[in-house]
Structure formats: structure tokens, C-alpha cells
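Labels run A, B, C and D following the written order; every chain starts at residue 1.
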Amino acid sequence: MKRIGILTSGGDAAGMNASVRAIARSAMSAGLEAYGINYGFAGLVAGDIHKLESIDMDGIISRGGTVLYSARFPEFAEEKTQLKGIEQLKKFGIDALVVIGGDGSYHGAERLTQHGFNSIGMPGTIDNDIPGTDFTVGFDTAVSVALDALDRVNDTATSHQRTFIVEVMGRGAGDIALWAGIAADADAIVIPERDYDIQAIASKIKQNRANGKDHNLVVLAEGVMSAAEFKEKLDKFGVLHTRAITLGHVQRGGSPTARDRVLASRFGDFAVKLLLEGKGGLAIGIKDNKLVASDIIDTLENHKHVTDVSLQDLNDRLRF
Amino acid sequence: MKRIGILTSGGDAAGMNASVRAIARSAMSAGLEAYGINYGFAGLVAGDIHKLESIDMDGIISRGGTVLYSARFPEFAEEKTQLKGIEQLKKFGIDALVVIGGDGSYHGAERLTQHGFNSIGMPGTIDNDIPGTDFTVGFDTAVSVALDALDRVNDTATSHQRTFIVEVMGRGAGDIALWAGIAADADAIVIPERDYDIQAIASKIKQNRANGKDHNLVVLAEGVMSAAEFKEKLDKFGVLHTRAITLGHVQRGGSPTARDRVLASRFGDFAVKLLLEGKGGLAIGIKDNKLVASDIIDTLENHKHVTDVSLQDLNDRLRF
Amino acid sequence: MKRIGILTSGGDAAGMNASVRAIARSAMSAGLEAYGINYGFAGLVAGDIHKLESIDMDGIISRGGTVLYSARFPEFAEEKTQLKGIEQLKKFGIDALVVIGGDGSYHGAERLTQHGFNSIGMPGTIDNDIPGTDFTVGFDTAVSVALDALDRVNDTATSHQRTFIVEVMGRGAGDIALWAGIAADADAIVIPERDYDIQAIASKIKQNRANGKDHNLVVLAEGVMSAAEFKEKLDKFGVLHTRAITLGHVQRGGSPTARDRVLASRFGDFAVKLLLEGKGGLAIGIKDNKLVASDIIDTLENHKHVTDVSLQDLNDRLRF
Amino acid sequence: MKRIGILTSGGDAAGMNASVRAIARSAMSAGLEAYGINYGFAGLVAGDIHKLESIDMDGIISRGGTVLYSARFPEFAEEKTQLKGIEQLKKFGIDALVVIGGDGSYHGAERLTQHGFNSIGMPGTIDNDIPGTDFTVGFDTAVSVALDALDRVNDTATSHQRTFIVEVMGRGAGDIALWAGIAADADAIVIPERDYDIQAIASKIKQNRANGKDHNLVVLAEGVMSAAEFKEKLDKFGVLHTRAITLGHVQRGGSPTARDRVLASRFGDFAVKLLLEGKGGLAIGIKDNKLVASDIIDTLENHKHVTDVSLQDLNDRLRF
């Protein structure tokens, strides 16, 4: 093991730079070289690859986005493109690859592993929807950004006696909605993992208004429907003064939280440790507060992310 | 002069609480009493009025929204409703009224003044679109919140080589777009005060991409059109990888910036000073960094806010 | 079980309000009443106790400090004072008490339990130094505030080629220093749990400068020594351009992070659940990402917080 | 006029990068070339000078510190060193120089002008203490960072019934203390421009406590004395529960506020406009909200910054 390649792929997430830095620095610390691959799998196939120096990693831990860029590259689903990628890795003398990203990125790492090239998947996505880990890098920051917006919306809602429906990101997962919703004192949290009862939500809001709480907040995961659609439903059930907001892409970027930076640092260092032990073909994660690694093929094919839906029950008890 | 009434009206803006506090504290400091009127003109007519104590003003300077609440109340356009409001003010022994808000709120203050009740309009709106002042309370915070989002969007745009069109608030005025756009290094700022040349903007973005700058940002004032509409236009002119974002209500709330708090403090204190001097029927403002007061009727009927469109030229020079 | 008492005690921590709210709301949700006790154990003995309504809990989740206030009260070490406290609790018909705070607060809860009054300790301190839990409420916010300052200091250090020694809080524990230090790309982290080698740190900084990295950051836990003292030592070993900063009390307050709010919500709800099951005399915590409760007497007398010092090794690998 | 040189000097301030960018971009936009000089006057003399490209300016508007670095260089007080600097400028074909910084930096620009080299001083300092301008770039950000800390301290003060004395920066000027103090609802603001009455302040705090306001905040400008010294004085006058905090260097760095970014953009563009008109030897500023330029020699020798001390009276009225 001499050289480790690193790429970021899929939607960008805060903490991707912290991840790159951790892998590169930990590798250098162990006497290895680290190579950055630009534009994800597209850059891999194109050979857009360069050596990373320690000084290049200086200061990037605090920056959003990814210094290695990211790009969509559906062509990587084809075997011949995958083999082209391996060719490039070999050309640069790279012995192992760490892929930082979400679901799709993991599949790329899985394919390379199946073709015999030692690859590791490291979770970097705001959605927290990766199997094999309780938390992904980028999730804490996304929740924090969403909460910031929700706190502001609460100010307006309070002043104007309104009911805001705020749609947060998360793709098919309700994790961002649950965490941000609890933290923002939401009256209801609607997630794709569970059916919602529009009538019950409408009744609760009307009840709240009858009890003198005339501002209300519904946090809606994008995986359920759009805020505009949900607003329409609530309107039909007689909820007044509703407003729909979609937070959108602002949840992706920004300087990562301490927690995301530390998690990225631990993941990156752990990936290097595993590679040094001769291991590969793994998905990295944190479970029950411990670093874990699972077979990447098995993880992707036989497991899926399980959202902690009990948080919705918790919120119902706190906002009965 | 014994008692000053205070109300907030129209869309909420950060710094409304700082404004209420400044009027109330400055009044008390001069030996007067301050009365808070809840829910704007609606509460005025309904007599939802209470005495404010100094201790109630403690800590509210840092909070978004308005502790006096706000409400739409189109009925106040009718004369008999206005007279009902004056009746209530007299019932509570209130000698003068300060109205914090935007355009519509000023009209309410103007009407009361025309009916002989001494009223002062104090600018509290994120849009910065009030005649008689260079800056309104809430504008600096709104710009700051918009900028925060734009900085984040820039992270994502950079990582993904995208062109983001971000729609910011401002009603008919381009002020938020201009300030936030310059501060965010926008490639183009589109405002309602000036025609835009979609072809020129598209060319510039394509030129940028040809020159190696493959992330681009267009900041669009809501007074022009929606981000989705603008994106469609850009797409037609062959700009690739466009994404539309609408920042929305999150720009309203949140803890006010230092500048908005200080401006609100100066305005509130100035309003009390004017009332103590026996003046009224005024619109308060800051012009060329000096506190000014102009006749509220004349101001509303004969003047309008002038956006500093030279900022767009400035941006063009900085992003040629 | 009809009525639950709640108090906050010791140094304030972000998330104390979120904790109070969670206990109160969860209790009400189960048909119980919640009573707030002002000024910690001092207010308990003085009978400064009042019923909490759900509406009072509205919006406090986002606010720093504690709405129940806190106070030092060394007199509570005496048995007769403790018995006086129990008398007051009985007078108000309170059946169980939840104490939110740090080490000292836990001892109060332990004493009441020993006298037969069912009490639960809930971790609320920035220092993360409570036995029986991996994380305390307030820690994540304190780290986040410290990191914000460190990011700013890095800007200045980079511009001026300086070495900053920044002292962070944590009492006898190095947790804040470790988390904030890793997240801030610190060149060295100095904690009370391990000896430090001043010569090695000085050499590393001088080496960095020789290699072209002429800004350096040492994060120092207050439990080791003051920043000024450490600076003096570094100066003696020939490190140039050193500056000492003590972050101080600003780390305590502020709006809690999402993570602290969610943790507080889970802890509060869990405390009520335990009390409803007839359990008491417990210290609440989170271990390996699971809610746990341990005997409060045993926890305090036989266990102590174990800082994860392996984080220092991690940092050394990332900043070799 | 072909080439403009740019350097940053003195203590770093947020918005220095925005200033560099504005000068460089505006120059390029007018067909000129921009050259960056590293490490202030030290780098000037050493010839550490390089051409700036538009792409290098991308994204730096949002970053604290200065990409051109800064350094102390007392040697520049000597004439022969100044002449050495001019030699370097000529060697690189630079026709005019813009110096971004505070008082000391202006003196450097003045000297070069006196030796016949066209130089412009542009205000970049957190202290707001430059003659010839109402506001400096970096001031708004410093106030905003200080306020953020003060808001947090207020949380703790409220919870613990304490009196905090918080020392803010500003060198000999009280501007940061005044703005941050008003915005933070300070009970007293102590500035070097005016004598303070320790007995009156102590009485007011004791009076506050008697009236039920048992948390108090004194904002102290560093130009008066240290927080520790002031605390000692207050203690002697019988004020209880005092705590001293020094905010320190954290006020310097961080991402600049929108206002600082826009101000820097306007200043930089204005400097280029003046140079293009063949003018030089000027100090740039904003007065009464209008861009102004004054003779740099006259400005430095015959004028000094005048703090708006009426803000202290305003605060006294709001916190009577």
C-alpha cells in the first residue's frame, strides 16, 4: 500500500472537505501518499488526478462544498467505464480508493471492489440515508441550517399568528425533518416512513388556536410531498393563515458543524487504518457511537437505512 | 404629552422589538408612559392596549418578530374604523402614536394625523422601500440572512459547476438583491428598477464557463419575476445546469443585526424627542447618516423610495 | 405520581431550557403536573416554586440560559437544609424531582434520594464531565461556540503568521478542547487527562514554520493552566509571535444547537418515563447512543467521567 | 496608468479581502492590471509582489483575514526603506498603490506620496478610528462579533443574577463599545472619549438590583482600562457578583458582514476611479453616506477620528 485515491461524489454535503483532509493527512502520517480525484467518477475515468500535499489540506476543514468537486456521471453504471476507471487508478499507481458520498457513490465503490479494486465507501450526504451507519457526515450541519431557518420562521409565525409548513430535504428519509422538527418545537412532523393523518394534524392546529397558541409549525420531509401540496390539504381541512416554504439547496452548503468535522476526521482516519490492515471492500460507519466497517456489497444489497421513527412519537409527547 | 402609544403593523421585520423598546424606554426616561397596542391597527380598534413597563422591554432587543404582534387589517382604510381607533386612543388617555412598519402602516399613521391625532411613522420593513429614509429597520438583517444563504449556495455551486438563480425578497424594490448580490459575488443582479437583458446575462455565464469559472450566481429580486420563470428563460438561451431557489420568509425573522438594533434605537429615541417638542404627523428616517423627519402626508403622497441603482453598475464592474 | 418538580443548578448551559420544557411537556402529556423551582436548591429551600403551563414552555427551546434561574448554594451540603427542601416539596405536593445540572447538582439530587425523596439527575453542563453519560446537554453548543471563535482566530493567525494559544473551558475535563481542537485543525491540543511535552509542541511549531506553515494554533483546556502561562512556556522554548486568548464565559450561553435540543428532549422525556414506572434515585445518560439510567448514588460514588483521550492521538495523526 | 499595486497592512480586519478583490476587479474592468504585495510594507520592500488574476479573487469576498497577509514593519518609518519600496514598485512597473489598513498603514501611504509615488489609503480596521471617514471596513463585523458574544453573556447573566464587565476592542476609540453596547442593552458603556463616574455606575447597578433587574452588563472599551481593573473598582463600590471578560482577538476575524463587503466594494471601486482620473495622495472614506476623498497628508496631520459620543447619551436614555 503506497497510494490512496480520494474522490467525492453525488450531492455535496458539508464536511466533505473535512473528510478529504482526514484521509489525506492520516495517510501521509502513515507514510502513504494521497491522490485527489476531481469531479467524482467522471474525473476518475478522465484521469483528472493529482497528488495532495499536507499544506493543501490547511484550512479546508472549515469550508463547505468539496475542493475535489463533484459531478453526476450515470455512465459509471456501465462495466467498461468502471474498468476504464481502474485503468486510470493503476496508471497513477493508486492502490486503494476512498469514495465519499451517498448511496450512488457507494454503488460505484462497490462495483470497483467487485472488479477487484480495493475501495471503501465513506458516508458523506446530508440525507443520513446510508445503510451501515447511524449518522452520515453532513447531516448534523444540514439539520443545523434547517433549524436556523425554522427558528426564524417561528419569529414570523408568532408575530402573525400563522401556520407555516416548511419542507426540508432528506430524499426518501425523514431524518432531517425529525431532528430539525423536534429542535424547532414543531407542532407536527411529517415523514415518508410513516403515514400521516391530515385530519388529526388539522384538528391539533385548530385546537392549538382555540387554546391561544395561534402560531403553528409543520415540518415536512421532501420525501412525502411538496410544502405547497401539503398546504393545500391543510387549507381544505379549514386551517387558516397557512404559508408554505421550501428550504431547498441552502441546506447543503456552509461551514460544517464541529460534530460533522469530528465525525469526518474519525471516519477518514479509520478508513486509512483499515486499508493499512489490508482490508477493503468496506462501508464505514458509526454505530452506537463506535466506528464500524461492514462489507460494502452485503451492506448495499441486503441492508437499508432505518430512520429512528420513535422520534416522531417523542415529538408528539412534547407537543401533545 | 403624557402617554405614547406604540404599534407594529404589516409584515414583521427584525428590529421591530428594538424599535418598540427604544420608544418605550426613551418615553419613560422623559417621564412619559408608554402603551403597547397589540395586533397593529386591528388591536387599536379593538382596544387591545396595555401599559408597558421598563422590565418588559428587557432582552427583547435581541429577538426577531414583534412582541406587539402584527396583523392585516384592510378595514382600516375606512374612515369610521379610523375614528374608532382614535376613540380607543383617547379612552386610554394616549396623546400620540408611533406606528412601526412599512408602506401600509404609514398610511394608517397618515390617516390618523389627518383626523387630528398626532402620529409618527417609523420605518420597520425588510424591503427598504419607504420614502423619507435611506434605510429601514430590518433591511440590514434581511440582507444578512440572504447573504448567509447565498454564501452556502456558492459552496454548492462551486462543487457542482452549477448556475444558481436565487430569488430574494424586496417587494417592488431591488435593494435586498443589490446589497446581498454584491456581497455574494453575484455574476448578475436583476432588479425591478431596471430592464434586464437576458441574452447578455446568458452570454456572460457562458463566457464565464469558457474561461474556467463554471459556477455562477444570479440574484433576482422578487419584484421582477420568480426564480423558476427566470431559470426557464436562461435555459432557453442555452445556459446549462441551472437551479432555481426562492429564499422566502426566512429573510424576515431572526435576531436583528447590530446595525438594525442601533438604527431602531436612534429612531425610537428621535420619535420621542419630536413628540416632546410638540411635533407630530411626521415620517422618521435617516438620510445621509443623519436623523430626519418629514411631513408624513407630503412624504407619502409626493415622494417615493429611490433605490440606489448605481450599485448594479458597481457590481457589473466587479463582475465584468 | 401527580406532580414533578424541576430545577436547574450550577453553571448555566445551553439546552437547560430545552430540558425543562421536555420534562414539563412530557409530564403534562402523561397527565401529570410540572412545577418549576427557581434559583436551584436555594429556591427549593425558600419555596420559590410555581406551576408550569404548556404555553410557558413555548419558544424556550431556542433560548440560552435557564428560565428557572440558577444559583450557588453551598448551604445545601447540610442535612438540615436538605430536609427543609424536602419539606417544601411536600408542601407543594410534589412527588418527584428532576435536577438539571452538573456534578454539584447531582450531589444535591443524591442527598434528597438518600433522605427518601425520589430524585433524578439530568446532565446539563458544558463540561461533559458527568459520570454515567457519554454526552451532557450543553456540551455540543459549547464546542460549537468555541469552534466559531477558533475559526475566527485562524483567520487572524493566517494573516499574521502567528501562533495562538486559545484556552477553552471544561473544568477538569479536556472534552471541549479535544472536540473544538480537532474541528479547528489545531496543531496541538493540551488536556488535563494527559501530560504534555512543551518541548515537543515547540519543536513542532518551529518545524511547521520551517515548512512554510507560519500560523499555528494550540487549543488548551482550562484544567491544565491558563493561556498566559502556557504562552510564557512556549516563549521560553523559542516560539515566536505567540498570542494568548481566553474564551471565557461566552462559551456558556447562546441558542442551543439542534443536537443539544434533541438530546435534552430525549433526556427529559426519558426522566418522566422512569418516574411513571415508579423508578427514581437515578442518573440519566446516553451511552453508545442509547438512553440509560444508573443508580445516582452508585454513579456518583463509584464512577467518574472518562474523556476519550484517543481523540488526542487522532489529532496528532491529522496534524503530524 | 497601467498597473495598480495593492497591500494590506496593520491588524487584520474582516473585509480586507473584499477590499483587495474590489480594487483588483475594478482595475481589471477598466483595462488595468492589479498586483498583490504580500506581507504589507515588509513585502513591498522585499519585492514579494505578484500579478492578480480575476479568478484568484473568486470567493475571497466571504473570507476573513487577508490573502495578501499582513506584517508589522516598523522599519518603514525610515526614509531609505521607503525609497527601497518605491524602487520595487517601479521595478514591477506599478504606477499607483492602494494601501488597505489603519492608522499606521495610512502613514506609510502618506510617506510614499510625499516621495512622489501616487498612493491611496483605504480604511481597513476594526477600530473605526481613521480620520476622513465615518466608517471603516471591518468595524461592522467586529461590532457584530462582539454583539454575538454579548448576547450570549446576557443569557448567562440573566440565569445567574450577575454583573458582567465585558471589555471590547477599539484601541483608543470607543466606537465598538458604543455600537455593541447599545445593541446589547448594556446598563453602562464606558469609553475613552469621556470620563466615567464609577460611583454613578455602581449606584445604577445596585438600583437595578433593588428594582428586580438582577443581571447587569457593562461594556468597556479597551482604551479605558482592562475588564479586570474595572471589576475591581466596581467591587470596591459594593457591586456584587461581578465577572470580568475580555473578548480579545476573536473580534478581528470571521466572514465579513454584508455591510462591510458592500462598503469595501464601493471603496475599492472608488479608489480605482480616482486613480484613473489621475488623482492620488488621497485618503478614501464615506461621510454622510457619500464616498469622499481627502488629501492624505492633510487628513493625517490635521484631522482625527471623532467618535459619536452622543450614542452614550442615547444609551443612557434607553437604560436610565
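What to note about this one:
As a convention for this text, contacts are C-beta pairs under 8 Å (C-beta built on N, C-alpha and C of every residue); 3 or more make two chains touch, one makes a residue touch a chain.
By chain, UniProt protein names: A, B, C, D = ATP-dependent 6-phosphofructokinase.
Just so it is clear, the model here is predicted, and its values are computed rather than measured.
Hopping across touching chains, the smallest step count from subunit A to subunit D is 2. Annotation: the A-B interface is duplicated by C-D among the options C-D, B-D or A-C, judged by over half of the residue-numbered contact pairs being identical. Farthest from subunit A, judged by the mean position of CA atoms in each chain, is D.
Each chain gets one centre point, the mean of its Cα atoms, and the points for subunit C and subunit D are 35 Å apart.
Separating the centre of subunit B from that of subunit D, both taken as means of CA atoms, is a distance of 28 Å. Residue positions of subunit A with contacts to 2 or more other chains are 151, 154, 158. Two chains count as a pair here when they touch; such pairs are A-B, A-C, B-D, C-D.
Interface of subunit A with subunit C (complex): residues 21-22, 25-26, 28-30, 55, 58-59, 61-62, 134, 140, 143-144, 147, 151, 154, 158, 179-180, 182-185, 211-213, 255, 257-259, 261-262, 265-266, 269, 287-290, 311, 314-315, 317-320. Residues of subunit C touching subunit D in their complex: 8, 12, 14, 16, 63-66, 69-71, 145, 149, 151-156, 158-161, 164, 243, 245-250, 252-254.
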